[in-house]
Amino acid sequence: MKIGSQTHHSSAISAANPRVILVRGKDLCAELIGHVSFTDHIWLLITGELPSAGQCAVLDATLVAIAEHGLVPSVQASRMTFAAAPEALQGAVAAGILGCGSVILGAAESAGRLLADVVARARAAPDGTPGAGLPGGVLSALAEERVREERAAKRPVPGYGHPLHKESDPRVERLLSIAEQAGCSGRHIEAARAVEGALVAVTGKRLAMNVSAAIAAVLLDAGYPLLALKGVPILARTASLIAHLLEEQHRPIGFVLSHAGASAIDYDGPVPAGFTPGDQ
Amino acid sequence: MKIGSQTHHSSAISAANPRVILVRGKDLCAELIGHVSFTDHIWLLITGELPSAGQCAVLDATLVAIAEHGLVPSVQASRMTFAAAPEALQGAVAAGILGCGSVILGAAESAGRLLADVVARARAAPDGTPGAGLPGGVLSALAEERVREERAAKRPVPGYGHPLHKESDPRVERLLSIAEQAGCSGRHIEAARAVEGALVAVTGKRLAMNVSAAIAAVLLDAGYPLLALKGVPILARTASLIAHLLEEQHRPIGFVLSHAGASAIDYDGPVPAGFTPGDQ
Amino acid sequence: MKIGSQTHHSSAISAANPRVILVRGKDLCAELIGHVSFTDHIWLLITGELPSAGQCAVLDATLVAIAEHGLVPSVQASRMTFAAAPEALQGAVAAGILGCGSVILGAAESAGRLLADVVARARAAPDGTPGAGLPGGVLSALAEERVREERAAKRPVPGYGHPLHKESDPRVERLLSIAEQAGCSGRHIEAARAVEGALVAVTGKRLAMNVSAAIAAVLLDAGYPLLALKGVPILARTASLIAHLLEEQHRPIGFVLSHAGASAIDYDGPVPAGFTPGDQ
Amino acid sequence: MKIGSQTHHSSAISAANPRVILVRGKDLCAELIGHVSFTDHIWLLITGELPSAGQCAVLDATLVAIAEHGLVPSVQASRMTFAAAPEALQGAVAAGILGCGSVILGAAESAGRLLADVVARARAAPDGTPGAGLPGGVLSALAEERVREERAAKRPVPGYGHPLHKESDPRVERLLSIAEQAGCSGRHIEAARAVEGALVAVTGKRLAMNVSAAIAAVLLDAGYPLLALKGVPILARTASLIAHLLEEQHRPIGFVLSHAGASAIDYDGPVPAGFTPGDQ
């Protein structure tokens, strides 16, 4: 059966014949392999165009920044999965990627939507909007408006605050400065700073911009598409998962992790007379 | 409960405190972001050391070579999954990665094991081995021995033959020539060519080296670890999946693909009197 | 690092020692294996209590109803994944489950939320609500209100309409009649019928209740928890995926499906002079 | 492109038209929903025939036996994934299923292959085989032969030994006795006991049969197909995962688990002067 009303019957990413493989219209062997970096190629695949040097620098910086941060939940899920199913490295990688969700690494995309919305409102703002005429003024007012909306809806503002880097996330200033050097700094970065200020203004507490909001801001300013933002942490973490799964093959800890996890949790359901739980 | 006998309780990949994130012993913000490319960072994550320029060039070339080849099964699985579950891009990426298995993209790893084995046998070969003293001679004899073993065990020789690029896979010569330019060409590439020759000698038919064997050969010669070989196609395809899933958001074809697939298959099970199947 | 503010440190599902395994407080070997059906056990696992005969009948009916419907997208994704990665059946099952999303099988949960909301509004409705005093009257008015809200927000009403069973989904009346026989019929089924009527009233077109809304309605009336509704299609489809993957081992069609899919799609990106695409 | 040489273009599992859905040749609404249990339906889907009462009892017993055993690695992977990505319950289920691999739950299938092989060798054994003429005699000799082969190849014998139930797995005798009651007890159960004896004879140590070998033995004796054995733990655990993910929504522990896991692991890579790790 045909589901839904999809009407497209084409794709613009790749075509091939026995002698030539085209990727985004370019001859893979003659124009890409050996001529472009993997980061250039990622940008080409996603946008259809090769990046400028600045765009490539920004994408490199974000991928490097978000690839690795220790034994986060998705890395543990991946290493446990590999310990249980070593015949399928791809399954362990997939298990790790499945943890790139709305709460953790997906914040880059959610933050991107918020920043894009603030910038869009600013573009649409009439001259009489509060703050108009002041440098960054309209953005500040609109960021505050948006933060109030999120709080009214009891939604967290994505991309701000970090469980370890409470005062400031060291990756943030680094990314913003690279964007500036690359000549890619623009309205989304301004909006990201404005939201950081608005959070203090609205809540009275400092909740520092984290790497997810910074990634969203610098990539959007560089012209990277909003709807592929989540791909950046996913791709970067895939590299890190490969490294963890190689280490898992040499020095396995998957079941040490699960033993420690289980030991931290008590059973509090009903118990028949005389039952004593063993080692969890 | 504690499963198995794992005794390690440490990891050497990353550590952090509120101000500093270490990756492989380097300060992420001070030494890596903005200083190294994503490809450098991948090599660092996996091996613990930054790559030489040649190693980086070879890794870049393999990642670019294997990233994209049209609507292969894993891309279709991913786009169908996204059409059904658009709330979770990470799930669609995971579905695509799950298809990087022994039959398709995992051939890079299987080919790597075979080539590493041929090279190891050559290193261990005594002087009297047939072909000793001739350039490439021992490798040829050992490659033929290995090919005969695979055929005796009715296992396909991984990394040779391609459903579209039957005469030759255009990515192969490109990768081998980049390895040579990078000064990374060595015994695994020799072994890969020797196996190609051995296949003709043993079977009487030409089965050309494909991109998977070439990737394995150039990476092993560059010093990339065998047990992380499968990570290269997985990582490269992740980039391609992001591109396909962005296109799926703009021009969805997931259900067009599944409609075409279902239409190609008949039902041949039992049928009660009077039943006529509808559109599959 | 500790992420978020989770404060629980216990679970009420299972405990064990070397001689006894407890599941939901019951001795697995003495009280459950051989004494209860898998369906009883599913209900016990999820709710903490064994089901009544009626609850078990309803859960059985829903699981049987939703398990299989031919070569739907998730089955194709699973069979293609297995063809590419036959070493990991669990990976192919996972790929199939990843397609149980908001657009396709997840509609059971979304419909459940909608029906639960209509019922909750009816419970909270003051005596003067339009339709109060008439049989089913308040529900009809509230269902219409809810349908208008969904349309105003440009959201589809989940659980109504089907690409193949356009006039009526044959599973629906069967499920509703089993609920009635089981003595489990109640307000959520009434609400499901009321929404069906409201859709005609609001849109002027008939959009028949489908299996997803029926599953939600009968399970909620039987006392099954709303937040586990999505588990029913996931579990049922897992059974079906096992069957398809067994067939895939005996009579593989994974690459036939992907060939047909790719053949239905044209490449419409840029093409260099002289390039002719081969067989997709 | 067409991959491989698949020649089938049909499936025997399901067909449908707007009024009738066929599953394995039966009218889903008229013959199955409300008439058969989910366990009957699973057997029908997988084998193409409805089970006898004994077959259904055995399948029920195995599914109940293997569904739940506390916070095993795959459950932890699933709960962590849900904590990170609560928008996609199906992703968390998939992450849990990916841990049903060769080391943990996949042992049912590996044990099944071993038992089926011992039984096949016994069937093919000539009259003069050692032990022929004695009750169970040939099986014992062949089981010992097989155990010696596994040890010579340095492969663990799948389905024997358990990290918690070291002396005996309480589920085993229960399953074997249900098979006997159901009239399904046969050569695979004999073989499973023979392997248990052979392990003592060969190694001098007792390694008790665990639930995986028992599941394989009773299902094979009941006529369940070997190539779908892995589906039983996968399906049973899916039920358990739904229960854990419902609990995770009410009483989240996903990040408590990951915090405990990370705290059990030290960083032992290089450290620059002055760096002190924070809370992992």
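Each chain carries a letter (A, B, C and D) given by its place in the written order, and its residues are counted from 1.
Just so we're on the same page, a contact is a pair of C-beta atoms (placed from the backbone, for glycine too) under 8 Å apart; a residue touches a chain by one contact, two chains touch by 3 or more.
These numbers were taken from a predicted model, which means no experiment stands behind them.
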Seminar exercise, completed: Check: interface with higher C-beta contact count, C-D vs A-C, is C-D
Problem set entry | Pair from A-D, A-C or B-C with over half of its contact pairs in common with B-D | A-C
For this session: Fit chain B onto chain C over the CA trace and report the rotation angle, somewhere between 0 and 180 degrees, nearest 5.
Result: 180
Problem set entry | Chain centre separation (chain B, chain C; CA means) in Å | 36
For this session: Please work out the Cα centroid separation of chain C and chain D, and write it as a whole number of Å.
Result: 25
Problem set entry | Rounded Å distance, chain A centre to chain C centre (Cα mean) | 29
Problem set entry | Set of chain D residues in contact with two or more other chains | 1-4, 9-18, 20, 70-71, 73, 83, 85, 87-88, 90-91, 94-95, 98-101, 103-104, 106, 164, 253-256, 258-259, 262, 264-265, 267, 278-280
Problem set entry | Interfacial residue positions of chain C with respect to chain A in the complex | 1-4, 9-18, 20, 22, 24-27, 48, 70, 73, 85, 87-88, 90-91, 94, 103-104, 163-164, 264-272, 275-278, 280
Seminar exercise, completed: In the complex, chain A touches chain D at residues 1, 16, 70-74, 76-78, 80-81, 83-88, 91-92, 94-95, 98-106, 164, 253-265, 267, 278-280
Problem set entry | chain C residues touching chain D - in the complex, by the definition given at the top | 1-4, 6, 8-21, 23, 28-29, 32-34, 36-39, 41-42, 45-46, 57, 59-61, 63-65, 67-71, 83, 88-91, 93-95, 97-101, 106, 109, 164-167, 170-171, 174-175, 177-178, 181, 225, 227-228, 230-231, 234-236, 238-240, 242-247, 249-256, 258-259, 262, 278-280
